[in-house]
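Quick one: this structure, given as structure tokens, is what I'll be asking you about.
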């Protein structure tokens, strides 16, 4: 029938072009492939310069170092996918991890680790939900709202909760931070543990994948990022979407905070705040557009690994400390240049 | 108290701040019937359908759904009742796949709008496949997985309708569904509507194209100034009666083109090709001449227009202005050569919606207005803007009003009027009256003719054949990237043009 | 000194080091109830923020400022203006500060760096690869300490400095990761000399987790309380420090004397432990450099004498 | 609204400090602190106005780099004490050049290479900082205080700090440029709808490049003022300015999605934050309270804006809407 013919005519590249999608097309549709490619190239380059990189220990270290950033990044990804941006998640993490740790120490020293984690997640989610409600209720770009709440949360933490470092963690937290899945023995008797908390990261990745790909909420998030007005018209409740994505990011931030405390074996209220831009950069390097509606969980993980590898191999490849910033800055610019997609933007006809 | 009506609206009022958009509207809708909601720009049509679809709560009045009374509907309530709306922008989610756009709604609504539910991918695919077939598309996995933003407009339109089918709609509302379709595609749409009606679905059209209404048949609902002033079977009203009801004025369907081309060739396109878009296109244009270009949406007509405007580089051939070859590699270059272009999609490509009329009108002459010290001479600029708004007959004298507060027709006039400021040699108008009501069309056509009188050469790219016949000297028909026919507009008829548009495709088939 | 005010401005509020200093300032305030004595500091480690605070204090019209500059150079301008307005200016940890009346140092920075390194060399047996950490390349005192350490290590043929001057940003987590990377790159590394207060914690954790406690030596600046666990486990060989409490009191004591118009002389007793017999030299500018003997090196066996 | 807040803060400050807060010296001192952050915030505003997710994270890094690079360059040419005027001129010009070049780099990367602004300026932020570290070896660079520079950092013009006068001058000029010149109008239109700007034939790449270049130039100027005020420049100065500059801009009502922003509001907003922060220092509250207050203030602003208290009043008194409707045929 003619309509079908016309359709195939129009969707296929016109006259002369092959059916195989070009490189640019792949990059546009599956940007995470670019991230993975860059990641592989960097790893190979580092391994050539310094074969020590290939020890299992060093890979484990990368994995371990990426847990906190990775959790943050998955939260940021949810928000970017819905068309927002968040700079307050580090403050949420700091506020929950510190308040909770001092609560456990002072009031309920025997609280089981599971309960601590659950409380951290819930508290983070609540703080995140505040963001979501503000973004929805005030109808202002989330960048502005979360700058406000970042100052607010950090102010509350340092002005009203406390600034004293907590060095003596409750034993269950220390144990949680130290518990090892397995150990490697390297040269020189160096042992490398894969900590048990590392498992949380893949678990959350799986959860996030399920959420984004297999639930209505996941689709609603992308729908909102694609065009919020249309999404609202089609019945995707915008308030619940906003509250959910910010709550989700908050929950992951709370979790990341408590892992950070357990891993570093101290609760320092000054920690974490300041890494937000780097986390956002990781997510964007993973292929999520800052304008929303795109990206994938896999890409986000790749972006996090990329940033982690670059940050953790500077010494390994022998870049003197004075030059490290230049190298990292130049790297971000180069990687960003790879992402430049000149493909036409989706043609949006605005609602009346 | 159910008397069998599907949907009944009683005494609906809607106020936006101080604006009284709907003033006591009563409308009844039954399933299996087509309705045509008619009225001038700004009379409240969109507002009305937004109230039915739950996008706006009414300020006053009652909505009866299957006999049950509601003060207002939420989007989910409306969807649950089987009311599906295909807005003018199609309301598709550009970044989601076709199958998701088509079939997500069904799962959303069956879950009462709750989002924290598992998505049944298998059911999603099944529903989508069926609905896609229902609108006459091939439901291949690759089509189902394509994101909507990668599809051409006509296919998107069908995807939007497929969504209504997938949701087992009882009422499908379409806000100006045919504005962006070629005639060929309109036929297919009308066929689809017939199928919907046969399945006892109600269809409510918002449209400005009367001939299409008659082809579909059904009931007319006429709005004027926020009130429903007539509802009844279409065949009870003649075209003139409907126009009169809508505008309160008499309009005649005359040929607007009265002048004639003047001496001196302005434009010459010679053997122009651009990649796969069009090939070996040649034509010339005199001062004050109005040339129409038409064809199916993929015939290359759009790209020819874009090439003239400096948006689409040529790969072969050349374009000459006043006999001198020009290299149009950017919009700026085209403007510098005195070529203006009015894009079809005025909201996203043409206008700075939140900015004032003044700012929209002076965009092209900012550099010219620059006076001493690099400062824009605001007095002169405002003068120019005021002149334009008078020449284009804008319905407001307040040039500081944001363009977003104007109706579609007035917005289009602002957009066309912008070019008066630079007195172009050639003006390319792409779909100049898309989505504009009869009254505004009249004003726009008069403005077009006035420009031709001033010696401006005009190219109108459109698939509104009456529009071309009424306004042009000559009409070029394109098909498959080539010019296949050139006709004298005064003597041409719609059928002949239509045949040429489809020409080769029919032969091939 | 009835009613005179002295405000101590620290690098950052809230961190243990300056909380400890605050106990000293508070103690001094208790001893001098007739004066108005307080301590303030910025919320983040940024010299621009500290500059703002000092500037506002100058405008408010305090009588004396006791400043621990985040970055002495950045404060030169405002401290000059303060002195022009007749405000007494005392500094600490800024032996290169030009615009100050008296800079109080707990010890000679070069001696301190050398002492740390000497302790490290002793642990390493004068042999093997070692590296250094600084809070930031911009921290002058840290660079002085590692510089003096490097100088000191030249006495030992066998000591080889590798990948020096890693930046820790005083962040235990970042330091930990960097230390692991170094352990991987140089599996045979024997020693770390660190500078910022948190560095020993990060490096100590890396050493401990690698099972190298007692095998790799770590000497650096740190506070006894936070370091206790790592000292016990042997992951930290020794920490060096001075007591900020005493330093805070010493600064305030000098400020009080200046307010009273007293001279600061060599061998003077500031009435604070470790500053009983200070040596006085000419400072970097027109002011004086007052050096106490507040250096403490503590290890597993001795740190308990200094718990704070 | 910002002006009302400024008056309120001054009044509260005056009462709480027994008038000390309103002393000429303190007013001068506060005015002296505004320009650095104010200039950077105007830079952020320009980037935001250009639309397409525009933002400039590299401002303070570029300010520091310009101070360091130009300082080292000028020091290598002239001894400060022997040729103070020549030195100052070279230094200031050098800062402007470095700032401009850095800004152009940002602009080209964003407009020609199409790199997302937030990633681009994050990358250049690290890059600029890194170059400053390499050049200075991580140490601060002493510019010294030749008379001209000293006058700029500490001098008064009719009782107003010279740096503040310069800041206001720059703000006035830029405000005028944005409102009255073709460039400024094009910038705002481009930010409001890039597609329509393309169809209007605006040279978009050039507009964006120029905008980031101006932002860079402002950073260079901030570099001069920092050097003048502090005698020294250093690569890690003002790391907290990154977020504060954005805070100032959004509090001034600049829309992050582009097309709208007014310089005068940015100036008022910078002054407001300065007054608040100095006030808290005056009454001796901890600086953590300041963070809290800033956050709360911003959110209050948004709430007031959302529920449109001020606009409702304005609309009520403005005949425009009624007229528009009435004139519809």
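The letters A, B, C and D name the chains in turn, as written, and every chain counts its residues from 1.
What we mean here is this: contacts are C-beta pairs under 8 Å (C-beta built on N, C-alpha and C of every residue); 3 or more make two chains touch, one makes a residue touch a chain.
According to UniProt, the chain labels map to these proteins: A, D = Monosaccharide ABC transporter membrane protein, CUT2 family; B = Monosaccharide ABC transporter ATP-binding protein, CUT2 family.
No experiment lies behind these values; they were computed from the predicted model shown.
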Q) Between subunit A and subunit C, which partner chains are common? A) D
Q) Based on CA centres, what chain would you say lies at the far end from subunit D? A) B
**Q.** Selected interface, B-D versus A-B, where C-beta contact pairs are more numerous
**A.** A-B
**Q.** For subunit A paired with subunit B, centre-to-centre distance based on mean C-alpha positions, whole Å
**A.** 42
Q. Could you state the distance in Å from the CA-based centre of subunit B to that of subunit D?
A. 44
Q. What is the distance, in whole Å, between the centres of subunit B and subunit C, each centre taken as the mean of its C-alpha atoms?
A. 72
Q: For subunit A and subunit D, let me know how many angstrom lie between their CA-based centres, rounded off.
A: 30
Q) What are the residues of subunit B that contact at least two other chains? A) 348, 353
Q: Please set out, as single numbers or ranges, the residues of subunit A touching at least two other chains.
A: 154, 158, 163, 322, 324
Q) On subunit D, where are the residues touching two or more other chains? A) 133, 137-138, 286, 288, 290-291
Q | Touch relationships between chains, expressed as pairs | A | A-B, A-C, A-D, B-D, C-D
Q.
Quick check: in the complex, which residue numbers of subunit B touch subunit A?
A. 46, 53, 55, 75-76, 79, 85, 87-96, 100, 104-105, 107-109, 111, 113-119, 121, 136-138, 143, 146-155, 158, 184, 188, 275-277, 296, 298, 345, 347-348, 353, 408, 481, 505, 509
Q) Can you name the residues of subunit C that touch subunit D in the complex? A) 13-14, 38, 40-49, 51-53, 55-61, 71, 73-78, 80-81, 136-138, 140, 143
**Q.** Footprint of subunit D on subunit B - complex, ascending
**A.** 17-19, 42, 309-311, 330-332, 334-336, 341, 343, 348-355, 359, 362-364, 366-367, 369-370, 374-376, 378, 395-398, 400-401, 405, 407, 418, 439
Q. Which of the residues in subunit D come into contact with subunit C in the complex?
A. 17, 20, 23, 25-26, 28-30, 32-33, 36, 133, 137-140, 142, 145, 153-154, 229-232, 234-241, 277-278, 281-282, 284, 286-288, 290-291
Q: Over in the complex, which subunit A residues touch subunit D? Could you list them?
A: 87, 134, 137-141, 143-145, 147-160, 163, 277-278, 280-281, 284-285, 289-291, 322-333, 336-337, 339-342
